[in-house]
Amino acid sequence: MTRYGPMFGPDITFLGVPPCTLEEPVTYADADVVIVGAPFDGGTSHRPGTRFGPSAIRQACYLPHDGSRPSLALRVDGLQDLTVYDAGDVEMFSGDIERSLASLETAVHAVAAAGAIPIVLGGDHSIALPDATGVARHHGLGRVSLVHFDAHADTGDIEFGSLHGHGQPMRRLIESGAVRGDRFLQIGLRGYWPGPETLSWMAEQRMRSYEMTEVVARGLDECLAEAFEIATDECEGVFLSVDVDVVDPGMAPGTGTPEPGGFTSRQLLDAVRRVCYELPVVGVDVVEVAPPYDHADITAYLGNRVVLEALSAIARRRRDAAGGDPWNPHQPLLDAR
Amino acid sequence: MTRYGPMFGPDITFLGVPPCTLEEPVTYADADVVIVGAPFDGGTSHRPGTRFGPSAIRQACYLPHDGSRPSLALRVDGLQDLTVYDAGDVEMFSGDIERSLASLETAVHAVAAAGAIPIVLGGDHSIALPDATGVARHHGLGRVSLVHFDAHADTGDIEFGSLHGHGQPMRRLIESGAVRGDRFLQIGLRGYWPGPETLSWMAEQRMRSYEMTEVVARGLDECLAEAFEIATDECEGVFLSVDVDVVDPGMAPGTGTPEPGGFTSRQLLDAVRRVCYELPVVGVDVVEVAPPYDHADITAYLGNRVVLEALSAIARRRRDAAGGDPWNPHQPLLDAR
Amino acid sequence: MTRYGPMFGPDITFLGVPPCTLEEPVTYADADVVIVGAPFDGGTSHRPGTRFGPSAIRQACYLPHDGSRPSLALRVDGLQDLTVYDAGDVEMFSGDIERSLASLETAVHAVAAAGAIPIVLGGDHSIALPDATGVARHHGLGRVSLVHFDAHADTGDIEFGSLHGHGQPMRRLIESGAVRGDRFLQIGLRGYWPGPETLSWMAEQRMRSYEMTEVVARGLDECLAEAFEIATDECEGVFLSVDVDVVDPGMAPGTGTPEPGGFTSRQLLDAVRRVCYELPVVGVDVVEVAPPYDHADITAYLGNRVVLEALSAIARRRRDAAGGDPWNPHQPLLDAR
Amino acid sequence: MTRYGPMFGPDITFLGVPPCTLEEPVTYADADVVIVGAPFDGGTSHRPGTRFGPSAIRQACYLPHDGSRPSLALRVDGLQDLTVYDAGDVEMFSGDIERSLASLETAVHAVAAAGAIPIVLGGDHSIALPDATGVARHHGLGRVSLVHFDAHADTGDIEFGSLHGHGQPMRRLIESGAVRGDRFLQIGLRGYWPGPETLSWMAEQRMRSYEMTEVVARGLDECLAEAFEIATDECEGVFLSVDVDVVDPGMAPGTGTPEPGGFTSRQLLDAVRRVCYELPVVGVDVVEVAPPYDHADITAYLGNRVVLEALSAIARRRRDAAGGDPWNPHQPLLDAR
Amino acid sequence: MTRYGPMFGPDITFLGVPPCTLEEPVTYADADVVIVGAPFDGGTSHRPGTRFGPSAIRQACYLPHDGSRPSLALRVDGLQDLTVYDAGDVEMFSGDIERSLASLETAVHAVAAAGAIPIVLGGDHSIALPDATGVARHHGLGRVSLVHFDAHADTGDIEFGSLHGHGQPMRRLIESGAVRGDRFLQIGLRGYWPGPETLSWMAEQRMRSYEMTEVVARGLDECLAEAFEIATDECEGVFLSVDVDVVDPGMAPGTGTPEPGGFTSRQLLDAVRRVCYELPVVGVDVVEVAPPYDHADITAYLGNRVVLEALSAIARRRRDAAGGDPWNPHQPLLDAR
Amino acid sequence: MTRYGPMFGPDITFLGVPPCTLEEPVTYADADVVIVGAPFDGGTSHRPGTRFGPSAIRQACYLPHDGSRPSLALRVDGLQDLTVYDAGDVEMFSGDIERSLASLETAVHAVAAAGAIPIVLGGDHSIALPDATGVARHHGLGRVSLVHFDAHADTGDIEFGSLHGHGQPMRRLIESGAVRGDRFLQIGLRGYWPGPETLSWMAEQRMRSYEMTEVVARGLDECLAEAFEIATDECEGVFLSVDVDVVDPGMAPGTGTPEPGGFTSRQLLDAVRRVCYELPVVGVDVVEVAPPYDHADITAYLGNRVVLEALSAIARRRRDAAGGDPWNPHQPLLDAR
């Protein structure tokens, strides 16, 4: 059986890592990480275009596409120190959300079942449902916490007559038991959605949501530290879901539902590094990069760097666990090894 | 029951014509024309964004939104000489193509059943299936011919596992009997799709498709004249489907599947005028305007003017039928009335 | 008499709040807030386009235009907890600044006289003169202080042979006595304008202007606290004037005279919230959003959120004044009500 | 007295021709042509930005700015074979249309009075009033006909409460007697403005307006030939007014009131060449280039080439009048001299 | 030895055709056509960016990248009926034009020597020198004529102190004897370059250059017919060089030296088809597609379609030579096979 | 001998300062500062366009181009209190990097030899080699330290077969002895380049490179203070090299190799001010502004303000050295003089 490859455009892999074929587990049996594209924007409530997110994130880099990216900050090579494959895209017809999400769940579960960490490139945030479910089916329903960077809570109920869409996956995950409500850590929320009824439902689920005024008042580092403690309480793994709209639209314009007042790009990269270095991450998705609204590829570049930051931190965590010196952000670049 | 209004953005109507409510036929009982928005891009095979087409087409004009547009060319006011309402948008969740198309068919049929001409603002070309079906259900299956300006034949069979999508509506229309294959007039085709198998199927249906090299070799006017004869043979009405990508991407960049080598904007407007002035048009759709890829609104302006050209020509046809002098394109502007 | 509505484009209101008609005070007699559009860019010294600011600010939102926006940060609904109308635009011909400003002053005064807070959507900053004058005529000349977020002091004298323009309103306000010079609080100034002569004039008026190096050195919160004390000394009301160019051009490119080195969007939203929550605001304008230079609507979104942040904070201030718990930015989102 | 220079941006001249100073006639006493910038968009009814037109038109070229441009088509150098100066911009504050137009009329008249042809770079079309008036004051009121390429008739009466604006100059010119109504030749009109009342007024003035359907039906060359005969009947000179929106928005997107269905760029260049080669042109303006809406400078390039085409044809006309062989478009490039 | 692949971005081939390795002739021994990327813009005199041309042209298509493109117009599949490989890019450092052009010449010659037609994707027009030289070295110096669609003659001598650059290749080709001056057919020239001295040199070489006024006056078809006769006189092969700026900037904005008044996209495609169907083409280049200045990929799409049009016509020419019916542009699409 | 002027576009100077001619030292004998344009992008490894950087940086300002810019922050006029000339551009053919860099070195050395500070406007970062070398040749090899704001270390060895390019100048400077390795202060590095081998080489040279995680962990002010101590140890002068990509791509999109996670614009301006106020700066370059990828000129504006910030701080340093009060960032704007 041949690789399906990408749904749109030429057959490329994330910065040139080797390809694998989802239907043939032998092709990724030794993987630490498998990248999966989810080129789906049928669940978008406003500006579409995230179907081109996987392709854009895979190639937004000015360096050779040679499957190697040594991190200056962490002094590891996330693409070389880990065994990383790119499975191409799952076929996801934007006009049929139910079938598409089911296909993606199958794919993500296959990766998790192979012992690898799936990194899913969205696509709109609808995909968090199959992403986290696919991982939780392997690690145990309710055994994986969810760290969620986003401007929006994504806990809506029915919208446009559908249970599925990019504003609803978190509710579906809690309802199904895939993720415990009190192990949901949401950081960066802001704006004017959802309303009181949904917020009450969230409070009942004992979710922990950090709105931006709290993040500003207390500092992001303190909020993260608090969240990390919750995340690892009675959970063996952490799923990291990064909606690029957590960053301010000024720095990440290429997205569908921009909400002013967000993180800087720097803050997001620092936060992703901390999650993946300090926590036992078992799955990641990076969503809502919408190339049609991007300028000079800056949002695609940011998505690409979020993936690399996660990979680098996972690699460094493993290196340190194997006996290396712990990472020290105060150490000068050229003193490090 | 209140008007649903537009699916995206503020509640506006086409250039300020009065609103009506689809669920309340009394609100458009006296209509000559009802405009219906179909903000759907779930059937798009490549660049999405046509969900914003209805809103963009409705407002792309530098003149006051006062429900009046006197045509210089035809010396009628398509918005005043006809009774035109705007029903707002049909709710069409892009993630569920089957439900969405069914909702649209119901809406279009309601308009036709009220004795009015529906003008549907797309959205992607998937909507031609419910558009033409809704009209044909009223006028009689196989009794309405289809004049189709497009770069693409849109006669694909199954794509991405679905019977529906913006490359397939014409096949579905013929299969269902809504439109006779030999009353399909396609003008402007070009490029590298579909392949021989589909072309054979089309030939079997006795479709008449004018590829651009034929249009250039013979002249657009001659091709249209020939097509018009076929269109009115054993058909009482004509459905006009205008895919804006029939125009060259240089003049209509805001679209999803651009194919170089098309009409000029001028040619499209002239052709639409001829169709609506010379033929008994019973329905229209204008599709594939994708604002995210547009520049300075030029494609949205073109879509708006296609609608106005159709309305003006329909109004002039009625005026002439009521005893006026036939329209003469050679007549100087200031000699006309 | 019918509503004039918007000067450009279709007749919409701010996020769907009910319309009112300026010439008919009964239509806004019960208003807490009346939104007024000032689509004028005739006073712009460089890049024009703010005439489209009111329309862009009114609709830059991905949520339904339903006249409701519950604030996550403040747990009030600024559009529902207050009675808010949108009066449409004042007719302001950009080619005649004197007539245009006079018309706007009449409109703003009418709103203030009705006991409501006018929120004026610019337009270029020329409009601050009629905005603050219209309010001061009702509350008393010299009885309203002015909190002014801007990269520029806007205290020029005669430019291009005119007393009016977007670099001069603050001087005119002081000269006329509408606002006391020593109750002018300017925050965010930077760059290379005005020169020493104008700065001397400003110092003579005892204005208090926080240049960005002072803001960085002392911290924005400390500067605001100091400014707030001055603002309420012998003044019963505060007019808030927000020039979107106080934000860094990287985050707010859609403006006419961009000056690098400004606030982040987050800082502006936090500052606007503090002004409207801590001070007795009697009028607001949001100016210099220039859509032709915007990208992906990010500056328009920011303008929209500045308005919502102001409305939410005004609503929360009233709720707290009526006996509610004071707002606490450290409180977790889901603990709040 | 020093040269005022450009109103916006650095002090440049049209492709590097020598500067002159309007207030000092000696600086252009020997001029064949004087270029004057009119950076004014206060009369624009919709999208502004033409204030940057003069600067954009002056520099939109990939060749060295060396004051030389040998025309391949006409084998003359319009910048060298004629004596051409650039007077910089007239100060025109967009917020004061009456004062601005008066200043421009003074400038244009000064150029005409010096025996030179003024070429005015707009700016919006409001400036046609002072442009043609300034020329007619020198050559005689009613003695100069007007050849006018435009999508719009620009014969409105009062708009936004003003007698002046970019939709009204042609009416004012006829009312004042500067130009005879029956010596107005308008070519390229289309769309939905003005309405019947204004058209009746135009017919009464015996204007000759070629709407695009007539241009298509009869051919542009035939229409031009007919118009040229009228233009030189009882008139010694011709003023050429080129509104870049006569070209299709697809090829000239950088403009304020785009109307689909226009000329190709090629058609405009060919038509301008014919006017300036076949007729006794005494003044030119090129208006409505709005850089904020342009892409990759294509509309600015077109404006620049319209100016060069006019200059080249004027030079060639003079060369032929001095005894050269008449220009022959059928002659191969390398056979010509 | 491994394939060098593309110089920028991921390793893709033209619409998915199989790759080959230039250094290993066995990998393309059976080729009819080999595509070679020339990602070089160091010779550009104005707007750079053509280094991204090869990548953009390779992938600008909305259809699957499956190595198949059945032409509607010609009823052949240029990618399947011919054996086509993509050799990736030649390494061409833009900072070193001499070394880069030499490397490309070696590559092109290798393809020609293998009996295949090289289709070179530029890159700026500097590459025409090595492209045509590489082909001529195989087929015989002076034995290959050159059909050259361009706005510019590209016959400059020394510019910026260099013999090489995108305005000079045609002079170098004639000087070296690679191509006879009197077998140079240039079509589409216009504008203001070069000056008389260079034109005299061209005339001395007996080049045949069709300026746009001649093309308009005589008609493109007649000019082509005349040129084709010259091209095949005493020459066994034809090299086709397509500079995308021959098309009007309105339809092909993504280029470095735009010259208004060019071909429509349709005209270029029709002309390319005629060249490749009627003449014995032995090499092709498509140059000056500059993605940074493109909008919505329309110029890249055009470049892609020029390549496909050439391939399709070459395939059809071979099919007809093998006994098929000659192509008839008047034949209806569905009558053809 | 006449001034060469700018290589692209009209002859302008930085914000209207007087011109000088590099070949005629008398024209800048009294200069404090000479601005030199280096319009070269032949060394760019990815997105080109910096050849237009000098022109864009010179004119990106909304104020009159009058050769005066009084700084609000520093209360000096960098263009008036210093004697500043603009020498125009050095002719640098992007296709010949070796010759181009040599020409630039000659020009920079000429400025330094005249006792002035050269401020070089890039251009890609290749130019740092001739810039710093030209200065060091005058002040003494190894006697000038280098403060380098950049996302990239630019210490690559051979790339694309060349010793020169925008990723390599810092290695060449150290190898030649122009700058001591242990007097290289790099601030803002991040991302995934260079790899371990190059980092080892850098460590061997005893460079001091502040990666962004160190900058965030320790604070930029502390890092700068530490770096400043090193910079002035055994060095009489400091060369400041500002690569605009040190700023986050969200705030500076117009650049060739964007790396997310950088400075804010505010941070860069504050840092440049500190360098030029606290250190004995003898040369400056501002590089990598690439207008084709910019939006609304925001990156060009930033480049312009970096130059002005440097000039203002140099002027203030001299004023204070002459006995003025030291600058105090806590002082209110209107208390300062």
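The letters A, B, C, D, E and F name the chains in turn, as written, and every chain counts its residues from 1.
The rule is simple: a contact is a pair of C-beta atoms (placed from the backbone, for glycine too) under 8 Å apart; a residue touches a chain by one contact, two chains touch by 3 or more.
Quick caveat: nothing in here was measured; it's all calculated off a predicted structure.
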item: If a chain touches chain B and chain D alike, it appears here; value: C, E
item: Chain labels contacting chain A and also chain C; value: B, F
item: Most distant chain from chain E by Cα centroid; value: C
item: Result of counting contacting C-beta pairs for E-F and B-C, higher pair; value: E-F
item: Shared interface numbering between chain F and chain C [over half = same, under half = different]; value: different
item: Centroid spacing, where centroids are CA-atom means, of chain B and chain E in whole angstrom; value: 38
item: Length of the line joining the C-alpha centres of chain D and chain F, rounded to whole Å; value: 44
item: Shared interface positions of chain D, touching two or more other chains; value: 46-47, 248, 250-251, 264, 293, 295
item: Contact pairs between chains, per stated definition; value: A-B, A-C, A-E, A-F, B-C, B-D, B-E, C-D, C-F, D-E, D-F, E-F
item: Residue numbers on chain F that touch chain C, as the complex places them; value: 62-63, 68-73, 75, 247-248, 250-252, 264-266, 269-270, 273, 295-298, 301-302, 305, 308, 329-335
item: Interfacial residue positions of chain D with respect to chain F in the complex; value: 9-13, 16, 58-59, 65
item: Chain B-facing residues of chain A, complex; value: 8, 41-44, 46-49, 51-52, 91, 93-99, 126, 160-162, 164-165, 292-293
item: Chain E partner contacts - residues on chain B that touch it in the complex; value: 45-47, 189-196, 199, 202-203, 207-214, 216-218, 248-251, 253-254, 256-262, 264, 293-295
